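Chain IDs A, B and C follow the sequence of writing; residue 1 opens each chain.
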């Protein structure tokens, strides 16, 4: 579809009224800022950033961290879906492998050996949180991440877990284990 | 002290003039132009902040000066130390040269942008006299031709930067800049021809002297002895000044004509691949050209160092008078600097076709007609 | 997973001239299919509905059916609605008004409004039959079957290695439904059961298709697995006293359509969707089983068999499959060494070229390896011919089995024979070379890819040489003695061809980048040949192969482009 451009009137083509309008608006703001002190920092919030910390609203998507369950165990099972979905490839997971100690909770067989997020690459899109089948990673409220070296900005599993805190949730592995125990011992030993 | 003065007087006049010229060059460059560039940037940031309901730079502070009671925090709040911090940052930042650039040109481009902007100042009379010295570095008879010649070199820096960067956005920025600068140089050059037709001289000092006597070109009532002829030519001068002002915006790549670096389309245009001090040179070049353009406007249309009150329209005889003339000139420049800055935060960017349309189909014909009209008016007035 | 013969195999290669064709209709479209098709043993059997739908270009979902295994028909996933021409009481076909035969859809005898499906994998077709693999009744049947299969499934895809190549996942998405009517507690079965030395069994995930049981009994000939317990407690288990440890157990992991059988070696190593699949060959013996290399970011994670009915069907042995870890070993040769000092390719090749050019005819010997590609052996032969050098390669023999493993443990012995590097019996000239070194006639020895100290040339003899040029992948006694060490590439790091024990020429492609300074042998050999003989070859493997095919009689008439993934037979 082609929309015809509206023909400009003479004054519009002279640009002068627009310039005058711009001058009026900018002058008004200039006057209000300089002589009345009406800056955004004064009128819209309580003050300026480093002194007055920002009130982070619910649902804000800050840095992604790993969370633990109610029992303090790692929720991540190393399914690597977040690594797969991560658009900037910021997540790197080292799977446990067959011979390493599987997980710090008995009910799930697997947990990552290492889990790294490169916060310099992370774009805070929230895909990892969305894709996680275990509710183990959440975008939390940290918005100011700083470091003195690139290496510092690669957060490892330990750091991510300590920053992430605890988030309960459904605990499906625990329930599975309880359910299995209720069904007594499996009738025949298959050894 | 006396012996030193004696020694000085015993020197040959040529030696004296060489020493004075060197002093003037260094003084103008390092005491006037570079600080002005630095503080223009601060002014830009502050004014933009005020227009946008912000505070602007108000945190950079110096260890001792910042802790002077009352004055220290006030200066900090005004951002007085910010240019220092900016300079230090520019020097200390990683100077990154991408692997794919054409290195020689890549390094050359910022210098080529900055040098013409500084060179133009050489022929600007920034005051009348100080003692026995004329306050102009080089009092050229063809001052204005020199200015236009040097200003048009400025485009090479940008084109070279676009070419040397060897990537698409700088390249597009460079191409845009070529077409834009050449187009508006034409309009700019033709817009000032009426001024020289009226005055009859190309020497910038003479142009100021003429204005001091017969009224400023753009404001003919600013004169001690007003003439009917200058009022008759006023409309022509207004048109001249209008075209010159708009072309100056285009020549300095300032909004609304900053298409070579328009960030919404070209990331940062010709300086996309530059960082650290090399980028800072481009940045300084832009503000230096603004200062040059302001100088030109003041000299050509607003009477240079002259003021039609308190006898300030005559070349100074005392040191105080000389300093006053310099102050007047600087004040006039500052006014135009503020205009440059204010317009940037007031007007949106033109489309490229609008820009070319304005240059070629409006300004050039109008400037040509203006020359003709001026000639006709002058024929009847004389 | 398109290339790997994981859970799926393509139907057997087109049969010899079909005996007879019959016309049937699939989804209302008439197709002509052979009446008989070869079964898993290659014997002709009546064509089934599943095969007919495949010939018609359709697809019937299935778990227990596998073209290379006997038909079991126990998963019920392939249920389809169908109909046959209606017969009148007089045993004559009934016709519609327009003259087409009237079709009687198969229905439940006691409830004619409900269609009765048949398992497509085991129901033979008959003339005029109509199959409806996409009808709503068929879809309903599939939904119901999937719902039952998932009754006790733990839905632990996040920790299941099969996720990403799991038929249960795929069919649930394609044919299943989101919810389940099953509200009772799931039956919990043993998890992570140690089934054999290389296999882990998760009973909860098992759909009891018995592919693993049939494979180990009928293909591997080791009747070790069976189903124990009843009803919901059905589980796969090794028979008491029997061990599931034959050399083909890992094929059951490929066969398993779900995550019940997983490889201990690959367990929790990497998710399959990250793996880049590269068509390659197994180098552990002369059979040359076709493989798919699964690699990610320069690391090889697994081999899987690739279907090639002329070589390995869809199987490969465990020993070959697990023989990949040396590719990523830490002590790989990564630097060009000149008399023990790190050097560069340019300077080392220049020095070697000069030495070889100056060498007197007959003073050089070349011991190549039958683990090298045919192209590399050809280049070495060219070099040897110019230098008048004795050539041979090292034989490596072992035990054969009756399924796939060959006695010859070199992947390219026939390549060595065809290019003339070695005689009919590999290694027969090595003693002659040893004598030459002993007598001082041979002053320069070029060794590729083998430790000659284990093949009859002792370290003392090597010390007598003026120049010892060695190219290898891993360090050994010969590389230690070498004056020049040129780091080479594993087959996964380069392209080339092998000729297997049956004379079949097969291609393999590059999966990962070589480590350090290592370069494919054919690349630097090409440079050497050029420097020494002045003959320019080709800088691409394609051109090199075509040139070789022109010069070596065994490959006459073969061009690189003709050699497809399945390989071609050489004239030997």
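Everything that follows uses one rule, which is that contacts are C-beta pairs under 8 Å (C-beta built on N, C-alpha and C of every residue); 3 or more make two chains touch, one makes a residue touch a chain.
Just so you know, these numbers come straight off a predicted model, no measurement behind them.
Colleague: Count how many hops through touching chains it takes, at the least, to reach chain C starting from chain B.
Modeller: 2
Colleague: Closest chain to the protein CA centroid?
Modeller: A
Colleague: Consider the two chain pairs A-B and A-C; indicate the one with the greater count of contacting C-beta pairs.
Modeller: Answer to which pair has more contacts is A-C.
Colleague: Chain B to chain C: how many Å between their CA centres?
Modeller: 75
Colleague: Can you check how far apart chain A and chain C are, centre to centre, with Cα atoms defining each centre and the answer in Å?
Modeller: 42
Colleague: How big is the gap, in whole Å, between where the Cα atoms of chain A centre and where those of chain B centre?
Modeller: 48
Colleague: If we count contacts the way the header does, which residues on chain B are in touch with chain A in the complex?
Modeller: Residue list for chain B touching chain A: 47, 49-55, 342, 345-347.
Colleague: Could you pull out which chain A residues touch chain B in their complex?
Modeller: 18-19, 22-23, 25-26, 29-30, 32-34, 38-41, 43, 48
Colleague: Please name which positions on chain A make contact with chain C in the complex.
Modeller: 77-81, 83-84, 95-98, 102, 108-110, 133-134, 176, 179-180, 182-183, 186-188, 190
Colleague: For the complex, which residues does chain C have touching chain A?
Modeller: Listed in rising order, the residues are 154, 157-159, 163, 185-193, 203, 228-229, 233, 235, 237, 264-271, 273-274.
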